[in-house]
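The data blocks that follow each hold one structure.
Both complexes below contain chain A, partnered by chain B and then by chain C.
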Partner chain A sequence: MELTVGTILGFLGIALAVALPGVGSAIGVGLVGTAGSGVVTEDPDKFGQILLLQVIPGTQGIYGLLSGLLLMGKLNVFSFGKPVLLTIPEGALVVMAALPIAIVGWFSAIHQGKVAAAGVGVAAKRPEELGKAVTFAAMVETYAVLAFLATLLLIFGIPIKGVA
Partner chain B sequence: MAIAEMRKVTIIGHLADRAAITGELQRAGVMELEPIEEESESGPDLDAEVNPEIGAVEQKIAELKFCIDFLDKLERARKSLIQQFAGSKIPVDLEEFSNMTRDGGWLQPVHSQCRDYDSRLSALRNEENQLQNLLKQLAGWAWLDLPLDELEGTRHAGIVLGSVASKVYDDLVSEARSACDGLYVEARQSSDRRDVYFVIIYARQDEQALFEVLKKYEYTRHQFQGLAGTPRECMEATRLRLDAISAEREGILGEARKLLSYRTQIYAMYDSLSLKRDRLMALRQTVVTRRAFALRGWAVSDNIPALRDSLVKKFDSIVIQDEPPAEGEAAPVALRNTSVVTPFEAVTEIYSMPHQDGIDPTPWLAPFFFVFFGMCLGDVGYGILLTLLCVILLKKIRMAGLGKKLFVLLAISGISSALMGAVTGSWFGNLVKVEPLWFNPLDNPLLMLGVSFALGLVQILVGLGIKFGMNVRRGRIADAVFDQGFWFLLILGLTLVMVGMQVKAGGISTIATWLAAIGALGLIATQGRANKGVIKRLASGVLSLYGITGYLSDVLSYSRLLALGLASSVIATVIDDLALRLTGIPVLGWIAMAILLIVGHTFNLLINVVGSYVHSSRLQYVEFFSKFFEGGGRRFAPFRVRTKYIDLV
Partner chain C sequence: MVEFESKYAYSVARTRVLETRLLDWGRLERMLDAADVEEALKVLQESDYSVGFDYEAMLSNELKRVYALLSEMAPDPRLVRMFLVRYDFHNLKVLLKARLLWEGAGRGGVDAGQAPRSDRVPKRALFDIGSVKLETLARAVNEGEVRDLPEPHRAALQRALAAYEETRDPVTIDNVLDREAYSFMCAEAAGQGIDFLVDYLARQADLINIATFIRSKQMGKDRSSFTEAFLPCGRLELSKFLDVYDRPPEAIADEFAGSDYAPIIEDGLKHLAADGSLSYFEKARDIYLLNYLKKAKYVAFGPEPLIGYLLAKENEIRMLRIILVGKANGLTRETIKERLRDVYV
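For the complex of A and B:
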């Protein structure tokens, strides 16, 4: 079976959508984990609260994976070995559709990680105010959600006929 | 159904009853005490009596805290993840509690034992560290067959033990030999080959020259003071001592573990003394004369009759007055809602208590939060699971306050998710194939987006409406009409214009255009009313229309409802797809499928519950509250029985 450049572009789009937000989330989750370990050494009972803070920057990676999975469905990747053969413009559209979540997911996860890591201090000193720290971190997420939404709508909107 | 009415309560009683009455108030737990400002005229200075007592109680509390920490290190009180959130207290009934805390005679010996064990354990730990360091130091010298106490040298010959990096050793030896005659050198490489350990015997007259060379190569001098025998013998002795230390520690730990049986008693005593301290602190808030005392505070007006009855019954000649807060006085804020709405107070309380003169947003946000959470989680299976989990936890762990509200809130939200899942046809993703009651957002995401925006619009308009009502109630009719009424018309009008363009119904469009026009003109005419001069007024009126972008971005923000809803249901579907593929493999495939389904759905559920909760709250805080909410109220904190470890039942 001949592969087309369009299909290769399509796979690039999937790779970007999954990989970049994943990197961002890994960094963000890592930031919170490092900050949190210090608190848990002092007070192991804070583990649950800090875990809550730590998962927050993890969602970008999930949005990325989800976008990737939807694209895979669109490209028929799941029928092993028989992906749809895309034209070059179609492949380029897949890349474009992946870009919002790839870029915004990547950076917002890192920044959200920083906010959540700062929130670890709240969990340590004023655990009853944890909700506020979580809300601050969630503010950053807004832009990841919006980018994810844009990617979703773009994916639904890609016309794919394939190479005849 | 909103902010509870607070009244200021003043209690005047016999001085002799002072302690008993504060005790009764603590049990009742409905009154927040406040110091009385007025100077008392000629009463005895009772603070001088109370203060040392507080000091003594705090001293004992500190001792108990030490015991608690020591025993915790000995054997951690296991807490599950949920208990870390919700707190876990030991249930003890009142009679047992007072039995446990009546006689504090055991406290002194238990505390001194804890101290004793603790200091012995830390002494052992120090010695152990020192010995382990020594062992490391000796490890490089095992080959040396000289007793370490005979390395002093003689009058004519000196001896030095040291180590140096392997790569410079040869240079060191050749340089040393050329500087001094007749050196005796013996050396071995360390086991990691990084260093060379050497012994040099030298003539005393060469001492200075030799040490200059050694220093040049940055050697480390090894000195063993107070050790007898060869390095090998010393290591043996050290190991024996280390064994003895761990045996000794086991012995102490075993002794100390016997104290664990006191644990509950220690907890009870700690709480009992904390309660006593709180009562003593309360006494400091009273004012006294020679015969009487007075005490003042806040209480929710509904609770006052019961408090009055119980106090009057127990104490004769007690006077209880209550009055509304004076103008501008900062009364504390407590929320009062119907039992269905109460759990949603958690959403409000996490943000801020409403201002005493503001309104409680809880009943207004409750239906929106309910629907939003459902749309974000949106799955029948997940919803039922979440509700079940919360109900079980609420049954198993006794919770109070905010923690309890939060879990009840999640249980209710689970119901909403299940309903919304039925509407969109999501049952653990597509594990159970059921036709949606309305439509599947994957098939028609734009319709779902429209629904999200529509809900957002409704909530924003409700927010404006609430502020309208608040302004009217305060007699600011003009503000209500100008600041909220015109915006309301403009937003409603513009929305209807857009709807009209979609459905192409001319009638709607005409009315909508008129509404929008009235709103816009009204805003232009009134928004500059703080300025002087017609031109300035009109200019800032026109500028105010720019505020429409704020409303636009508010509405767009509700698109997250679609995104989060898709996130949870699509991931669930993917988990199902992957799992069902595994059934191709006989037997093993089915087991793998079951594992993947359970682990995958649990993970997805947890992640999405956090996301749904946070984003549903955020829509309230940022988009809804900004329209009307006045926060900054002081939370009502009644003087009550507040314990840390024991749950009095």
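For the complex of A and C:
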């Protein structure tokens, strides 16, 4: 079986969809964790509240993985070495479909991390207002969800016939 | 992408918790209500302070503890060190004046090579805190042994001595070292790119210069002694002060009517006319600066919250000293309260 350039492009799309939002989430979650350590050093009882803030920027990575899994299914990656052989335009479409979640997931996770890390200050000073800090951070989620939705629709819309 | 945020995330978040432990007005009011020092100290139980019989020791320990804590937390050691250098310069002033005083009296300097003896330099006049060890400072002042002294200190000491040679007036030492301390702080703040601190120091220098102006007018000093005491870094230039120097003190209100400080100057002058004291102006000045400092509480990432907390803590310790000394000397509640400033929280 000869691999096609299209298939290589398809794999690239999958890699982008999984990797970039993952990187963003790691940075975001890491930042909140750093801030959280500062609070927990002084006040270990705040751990639970801060954990709630810390998971928020983690969702982009999950959206990325889900997009990647769907694409893998589409490309028959799970067939142990017999993926669908894509034409170059088909492979290019896979990359395009991956881009929304790849780009938006990457940046939104970082920015969400900043908002959530700032929210750690709220957890420290006014734990009763934690809900508001969570809401601020969740607002950023909107755009990750929109991008995820776009990626999903694009994946479903890719016409794949494969190389005969 | 998040280097700046990562740098400060930990220390700022930790500072947020520390801020909640600053004393609020309620606590201070309860201390004011206390009958004596002992009762006032009881209010401090369940606070950061390790309450003991000797409140001076308690306050100085707290200052040391806060500096040690912030040095450990701060992402950049220079941030805390530059505040510690202020104490070095203060100690240099005291040691230098003590030496000159003793030389003038025909005796040797302050104890060399070890902590100054308390019978020569009153212990309370020195801060047991700083970026340089007290012994190093004492050795530099008394023996000219400046090898261990960092560069800004060395240069400042030499300049102070040179200036003193000319005037033979101990006030010169205060003036030169105050100026040096300010220049150092401003240069450090600018060097570290902390605009907030540069701005704070400029406002502080302006307000101190205004107070110096009014005081030296009041005491009938001449222009040159005012120029000597003038602090650098401020936004209000020396020439503006000198322009109105020959006019009555009220002229300064007109001269700086357009500045931020206009209400403080005006109120200060009114009280000055009423009771001849600058204390109202100084209180208004401190409250103004503290209010400026409070902006730091709303910065999510950056050195500002750390600086704000550090200066707030210094302010708190100062206020506690006012209360406790007042209580120890049997001052009334009102007299003490009048001297208090404001709290950061």
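Couple of notes before you dig in:
One rule holds in what follows: the second predicted complex is superposed on the first by the 164 of 164 C-alpha atoms of A that agree within 3 Å, B and C clash if a C-alpha of one lies under 4 Å from a C-alpha of the other, contacts with A are read in each partner's own complex, and residues count from 1 in each chain.
Definition applied: a contact is a pair of C-beta atoms (placed from the backbone, for glycine too) under 8 Å apart; a residue touches a chain by one contact, two chains touch by 3 or more.
Just so it is clear, the structure is predicted and the values come from calculations on it, not from any experiment.
Superposition model on chain A: chain B and chain C are shown accommodated side by side without a clash.
Residue contacts after overlaying the shared chain place A:Asp45 against chain B, while chain C stays out of touching range. Contacts of A:Lys114 after superposition on the shared chain: chain C is touched, whereas chain B is not.
Once chain A of one complex is fitted onto chain A of the other, the partner contacts of A:Ala35 are limited to chain C, with no touch recorded for chain B. Which of chain B and chain C touches more residues of chain A: that partner is B.
Once the two complexes are overlaid on the shared chain, A:Phe78 sits against chain B while remaining clear of chain C. Within the superposed three-chain model, A:Lys125 lies in touch with chain C and out of touch with chain B [touch as defined at top].
Of the two partner chains, neither chain B nor chain C is touched by A:Pro89.
Superposition on chain A leaves chain B and chain C with their closest Cα atoms 5 Å from each other.
Annotation: chain A residues 46 touch chain B in one complex and chain C in the other. Those residues of chain A whose C-beta lies close enough to touch chain C in the complex are 27, 30-32, 34-39, 41-43, 46, 110, 113-114, 117-118, 120-121, 124-125.
Note for the complex: chain A touches chain B at residues 44-49, 51-52, 55-56, 58-59, 62-63, 65-66, 69-70, 78, 128, 131-132, 134-135, 138-139, 141-142, 145-146, 148-149, 152-153, 156.
Looking at the complex, you find that chain B touches chain A at residues 76, 79, 81-82, 84-85, 350-351, 402, 445-446, 449, 556-557, 559-560, 562-564, 566-567, 570-571, 574, 577, 606-607, 610-611, 614-615, 617-618, 621-622.
Listed in rising order, the residues of chain C touching chain A in the complex are 1-2, 5-6, 9-20, 73, 300-301.
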